[in-house]
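Next up: the structures, one after another.
Here subunit A shows up in two complexes: once beside subunit B, once beside subunit C.
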Partner chain A sequence: MSIPVPFKSKYVGQSVKRVEDPVLLTGRARHIDDLEFPGMLHVAFLRSPHAHAKIISFDVSAASALPGVECVLTGAELKEETRPLNTMPGIASGWSGYAMAADKVRYAGEAVAAVAATSRYIAEDAAELIQVEYEILDAVVDPEQAALPESALVYENQESNVLFERNYTYGEPDRAMKEADLVVRENYRFPRVSGNPLETVGVIARWDSVADELTCWTNTQSPGGSIRGSFVNPPGRDQITAQPHGGSFGTKMGALLKYEITAALLSRLCDGRHVKYIEDRMEHLLASSTHAWDRRYEAEFGFTSDGRCTVMKVRLLNDVGSSCENSAPSMCWKPLVMLTGPYKVQHFEYDMAAVVTNKTPEGAYRGYGVPPHTLVIERLMDKAAVALGMDAAEIRQHNFIQPDEFPYKTPTGTEYDSGDYPAVLQLALEKANYEGLKAEQQRRRDEGRLVGLSVVFGIEPGGVWAMTGPFRDWLGGMGAINPESAAISISAEGTFDVELFYALEGQGQPTFATQIIADYFGVTMESVRVSQSDARNPAPSMGPAGSRQAVVLTFALIGAADKLAARLIRVASNLLQTPADQLEIADGSVQLKGGQGPTLPLGQIAATMTFRPDLLPDEIEGNPQVTYTWRANRPVDTEGSPYLSYANACHVALVEVDRATGQTSIERYVIADDCGTRLNPAMVEGQVQGGVAQGIGATLFEEYVYDEYGQPQSVTFADYLMPSIYEVPMTEKHAFVTPSPLTALGVKGTGEGAIHVTPAAIFCAVNDALAPLGVELEHANAKPERVWQLIQQAANI
Partner chain B sequence: MKPVAFKYLKPATVEEATAFLAEYGSEAKILAGGQSMMPMLSMRIARPSVLVDINEIAELTYIRAADDAVAIGSVTRQRRLGDDDLVAEQVPVLASALKCMSHPQIQNRGTVVGSICHGDPAAELPAVAIALGAELTACSQAGTRTIPVAEFYRGYYRNILEPDELVSEVNFPAMLPGCGWSVVEISRRHGDLALAGVASLVAFAGEEIDHVRIACFGLGKAAHRLVDAESLLKGQRTSSELFQEVASLVSSSVKPMDDSHASAEYRRALAAELTQRSLFEAIERAKQGAAS
Partner chain C sequence: MNVQSDLDSRQVTVTVNGKQESLEVEGRTTLADMLRQEFHTQGVRVGCEHGVCGSCTILFDGEPMRACLLLAVQADGHEIKTIESMADGNKLHEIQEAFSEKHGLQCGFCTAGIILSVSELLERCPEPTDEQIYEILGGHLCRCTGYQQILQSVRLAADMLLEK
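And now, the complex of A and B:
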């Protein structure tokens, strides 16, 4: 394929090795826990053993008296100095507590007091010595019970536990359902899961009262924030500095706030000493405010007798846990941008409700709510196919948006940029030898074995540029733009320094930035160095989120490169006494277009700017360094798509379920995906493989379990089961490329696609395996015992 | 996740170690490979005031032939079960057990004796040791004694060791010539502790089962032998009816527990399935052994 690039591509499109890996793999990246400061104190929290209880009293005398303890801060004391954690203005006010519980605890693991001591060991010893008297309340655990009027209240200032209810109706779903030849319906549950990066969250705070300044070093994935507004008596200014981090998956956004606030306050109370808190793994699993997608669905789809889906009704009940402190319930809204998936459906009703319960608060997770929605759509497509005697691939082909219909406006007003879904599906079927797999399945079914085959399809919204369209609703009607910036400078030696404005996270942005800039100026990758800006006032950046960096950073890089190139050419025009419009940049030099005549190395131009400004044209800024902030030139309107690109993928999975044990083994896993131009195919495949692992985790292994008292049962990695390399097959990946017409270089976001589609692939395959028994799995986590129960049920029918 | 403060002692000899144990008694815990102990310390589940680290006791690292047995010192790492010629020749069931066990990184550090002493009810080695009729050597300043692993456990994570005793060795009797073996389990992921597991040893005299040992793990408060199931099999010819009878006996006689991974009911079903799988595999091996 040819890449629609404005330069000769030598590196872009190649699987070059990642430039950031040597630092990461040799342990030289400076992660938050690597930072040491003189006199630094360490924090440990005392956490509630109860899911729901009033706090009657604190006694911290023994803890305070322990040698090495500098400060003990209770939730009650913190409340006097801080404001409640962020909620969702306009949607849900007054649905969060403080950074620590003050009057009552709302989930087991909620912090009630913090200790700052000279070591983490002493801090933990002291935390054990704090006495808290509780009055235990009835725990609100089941989300359906929580919504009932007689339920205990998680927030006494509210009338019920229902955080919000919204109904989005497009077309005439009731009429369409009535007119449908076939209606399929089912209830589904998605397990409570979360991201589990290698590195947990951490913060070091220093509140210098003399300078009236708060500095927080953190591993946040969202740069440029401020927490001043969290304090009753705020510091004059504050700065959040992000260190490179060991993965995020959404867990390093809002979840950090409560720890930043507590560490900052402790620093102020300890005369401005540095105060460090590093979340440990048990705290992450127990209380990190990052659990996601504890969802129940009731779904009903209508079809014509020839297999055309005419209407979808999806009702979502989201258990958000004990608060909406991370704005995480906004994950209910993301499916609105791809509500009908890859299918042409005009009638849709999306009914959502979110309830609070006494569980760990919800937080962002890679995919932001789309994976469960995709699972519901794909499973009902399968059910309809069975009812109509159609093949799973056939019913999808029958309903796809066609290649000539792009840009395609969905019922919610969002616009899919480009794609060729039939071709992507066809590619997956061919590479998987679908007909062969079907024959193999039949052969083994004849032996009485439970073999399942799935063909599923998913849409990945990518390159989030603004909070437009349906997203305005969860911002209370406001729109917002999410810009991204890049800075480039060139040295007298002709080498380039590129600065990004967010911390290294691991997806590989420094690598593709190096590829793009090297190609743009026609230099080697070794001549380009990418780093994180340490500017005191950095340029605007949203950082990695919403599958955006391949899209938005590419825009920012090319914008910055254009700006620098124009300046270099203008200077060269003066030096060469040649009109600028006859010059171009190639092979690290400015030359006459067409390649004839003298050339001027870019480094020499930079040297001129630095050492001989007298030779520069008057109107030019004599600085070989530019910063460019990209923003989409699109209206922030009530319609329109918050995402610029819509990647898509087809997954084909073959599984076998062990009849005796209910265990599922994955035998084949084939993926065809279209994320537009691939800046670095190996990095795309890495994103896909990682997303597959998390999708397999959610559907076969991972699940945060709570008992009837709201006690968490999954607080170590012995109980919250992350899939390992033994459980995740190396998938077969195939590329299909439809460049996006809306993005620089035709890229589409690709960070979340695989986790969108994999849960559906596994869930549909397991259900297909069980089909001969006449039983159906409704819980998306096909834990062996759950599947075994169904097999027993079938045996007893 | 930081341990409470403890005194750290690192004896160089068994004599020094037992002297420490005599001095500190039940306040002390022994640290061998640490693959269970370190997490328990970090989670403050174990809170010993003294930790006696035996890793530097050179005399406890060995695998050697004893009388019709293989003796393994208590600092010998689990990984050695997979690459030691003597083990492969005399007690090959141990290498099979290793394949079901944890990941290589854990096996490189975890010890054979440590796993047996820790006595996790879902661990493989205690059950295999019981099936083999293995014995532990416990020493203290008062002297040494021998304890059959089958008599070692007293309920959930409890054993009959005295506070001043150190297990210095486990002694695995060599398997009979022609003895088939099998270790099978169901775990959620590769390398996890088992939801349920069965180890069996079977030897034939002609067409009849002459020697049989079955032990299970994950199916009660500790690994244990299934004597009634063995009685049903001894002296019998193999048949699928017989195996089903044995399987349902095992299923109804074990007393598994409920946890968030599996109910007792499910574990009972696994027990029946695994008993059959284990017997099939052991018999297959016995027959191959006889044929070769």
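And now, the complex of A and C:
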């Protein structure tokens, strides 16, 4: 594979070991719960046992009297000091509560009071002593019922529970549907799931009202922001910093806000002492604002008799839970950037609505809404294939955007950058021995066994650079750029120090940053150190999200390296009395282009800048450090794509469903994927395999279940089943590389690709397994009890 | 309810990573909290506090155990090893080296517990079958890797220790 790199590539493209591993392997990384400060207080929350209830009164006297308790704060008191959680512009305004419930609770587990005490043990004791009187209200649980006019209201300031309704129509879907030779339709449900990183969400706040500043140490994915706007009397300045995370997957963004606000207020009330709150696992499962994709779909696709898909209609009902306290409901919009998947379809109707209910608020999760949409597309492609007597692979090949059609403009205005879908599919089929698998399936079906085979395809929007295009509607017509920065300095010894503006998260950004900078300057990886900036005023950064870091950080790193290189060459030009345009950087030195003549080690140039600035040209800063902030040079308009790269993948799965138990076992799992240039193939494989595991979790095990009263039934890892090594197949992964023409080095984002495609692969395979019984699963979570019930139904037909 | 009655302190003598110490702990203090807060072995990662995820696994007299499910007082007179005991200064243990070589970690939060469980396995069983490795890894949740590179890391660790 050739990498389109502007430098000699020794490390880029290699599966080098990760530079961040030693601190992680020895337990020395400092996570948020590892930070200790003198006199630090610990928070425990009292949480509502009811899904929907008015708060009549609080009695905190016993809690306040407990030795070791420094402060008790009720939701009613917090409300006086803060603003509603959602302070963003846009359509979600007016649809959130406060950091704690003040007048009424809207989900079971919502915090109603907080205690700060000298230990977490005492804080929890005290929380139990708080008395709250409730008047229980009818819980709004079912999203379809929630939309009805007679439903109880989650927000009395609103006319209904319908948060938004939108219709996006492209082409003439009604006419196309009428003209279709074949129409397939189905209703689907996707389970409420979440990222569930092994480390929960946490914060330490210190609000010193004398110094007039607030500092929050957190494990947020996007440090550097501000929460000043959340307070009636805000601090003069605030700083949000981030520690290394024990996994995130989108959960460590908006979910932090309610805890930051509460811990900050408690700190202010306790004379600026440090105040720590770490969710325990039950709190995370019960009440962290991270639940995602509780969705119902009605979908209808039209085809010609020869298997060409001409029209897609998808109607989405999204249950956002009780609050729009973060931007998560914008996950409904993301499918607009890949609405037709890898297929050429000109007529599309995407009709979406979201309702609030008395459940835990929605939060971002890896994939940001694309996985359920991909599942709907892929399952209906399968249904059409069956109806037309075509093979699953054949119908996809028949509808693919072709390699010579890139850049391909989708009906919504998105431009897919590059790809070769037929080749990726072909690679997967070959490696899987697809024909052999089909024969094997038939042989076992003949024995009466339930064996399913799926071939599915998905698109991964990556490198999110702006909240533009479809997201502007969510933001009330506004757009926002999501820049990324990197800083580089060089020492007199010729070593490089690279700073990133977010915390260690696990995907390996420090490693590929080391690879890129070492190659750029022609030095060893050992000469490059990457760390997180501790700048008081950090350069702009969005951090990891939207499969973006391979794309945006690569841009930022190369931009910073170019800036530093130009400065070093300018100084060298002066020292060597040689025009700058005749010089280049190679092997850690400045040399004459072509390699002839004297060389000047980069460290020596840095030493000159630091110790002999009198030798510098006047216009050159004597500072061997640069910061570069990258932004895409594209218009922020209502058209266009918020994503730069479109990776793609084909998954082939062979499963068997046990007739007696309804349990699905995955026997073979083959992946071919194209994420452009692979900076570090082993890290890409890790991202893919991790996404597969989460996709399998969502479709076979994980689900947040609520009863008819809105009581959560999945509040431990014994109820919310995370896949273990026994449940996750060892997949066979194959790379296909089409470098992106729009990104530095040809990379495409790859953090989310596998979770986009895996739910579809499992769902389609399970349905294929059940096909001989004449039953079909509509709920995307194919847990044994659900499948078993279907098998019983079939037996009774 | 008389909260004070739960707070009785006890004297505990425990050996952590080869160093014996005596200290007073409340009866209800979990072993995980004592290790993290009193011994500052913060590599003991607390993931679920109900014994499912395995992140807080330590070696208790050589046996892998969940530090979140034990009380500190139960460690009285016992020997505990945490991840901090594995490397020799900045020289990684072979198991740690193998995890780095095979990309057996991403965020690293579950890794300490896994490495300790694996160290016990490889001591007891230097040439483990995949089935034996699965049995050990089956007691640990990892949300990042999907386990494949962990499995490869454990296989490599076994090879490295055999060659040692």
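Throughout what follows, the second predicted complex is superposed on the first by the 795 of 797 C-alpha atoms of A that agree within 3 Å, B and C clash if a C-alpha of one lies under 4 Å from a C-alpha of the other, contacts with A are read in each partner's own complex, and residues count from 1 in each chain.
One rule holds for everything that comes next: a residue touches a chain if its C-beta (ideal position, glycine included) is under 8 Å from a C-beta of that chain, and two chains touch if they have at least 3 such contacts.
From a predicted model like this one, the values you see are computed outputs, not experimental measurements.
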Open item on the list: As a test of reading the superposition: which chain, subunit B or subunit C, is in touch with more residues of subunit A?
Closed with: C
Open item on the list: Output check: A:460 vs subunit B and subunit C. Expected answer is one of first, second, both, neither. What do you get?
Closed with: neither
TODO: Tell me which partner A:519 touches in the superposition: subunit B (first), subunit C (second), both or neither.
DONE: neither
TODO: In the overlay, answer first, second, both or neither for which of subunit B and subunit C A:663 touches.
DONE: first
Open item on the list: For A:300, using the defined touch cut-off, is the partner it touches subunit B, subunit C, both, or neither? Pick first, second, both or neither.
Closed with: neither
TODO: Would you sort A:705 into first (subunit B), second (subunit C), both or neither based on which partner it touches?
DONE: first
TODO: Go through the superposed model and pick first if A:752 touches only subunit B, second if only subunit C, both, or neither.
DONE: neither
- [ ] Report for A:726: first if it touches subunit B alone, second if subunit C alone, otherwise both or neither.
- [x] both
- [ ] Classify the contacts of A:124 with the two partner chains as first (subunit B alone), second (subunit C alone), both, or neither.
- [x] first
TODO: Report, in rising order, the residues of subunit A that make contact with subunit B in one complex and with subunit C in the other.
DONE: 121, 125, 128, 280-282, 716, 718, 724, 726
Open item on the list: Applying the document's contact rule, which stretches of subunit A touch subunit C when the two form their complex?
Closed with: 15, 17-18, 20-22, 24-31, 33-34, 66, 121, 125, 128, 195-199, 244-249, 280-282, 504-508, 682-683, 685-686, 689-694, 716-718, 722, 724-726, 728, 730-731
Task: Residues of subunit A touching subunit B in the complex - done: 44, 120-121, 124-125, 128, 280-282, 660-661, 663, 701, 705, 713-714, 716, 718-719, 721, 723-724, 726-727, 784-785, 788-789, 792
Task: Touching residues on subunit C, where the partner in the complex is subunit A - done: 1, 3, 6, 26, 28-29, 36, 41-50, 52-53, 55, 82-84, 86-87, 90, 92, 96, 99-103, 105-112, 115, 134, 137-138, 140-151
Task: Partner subunit A, residues of subunit B touching it in the complex - done: 1-5, 39, 43-44, 103, 186, 188-193, 195, 260-263, 266, 269-270, 273
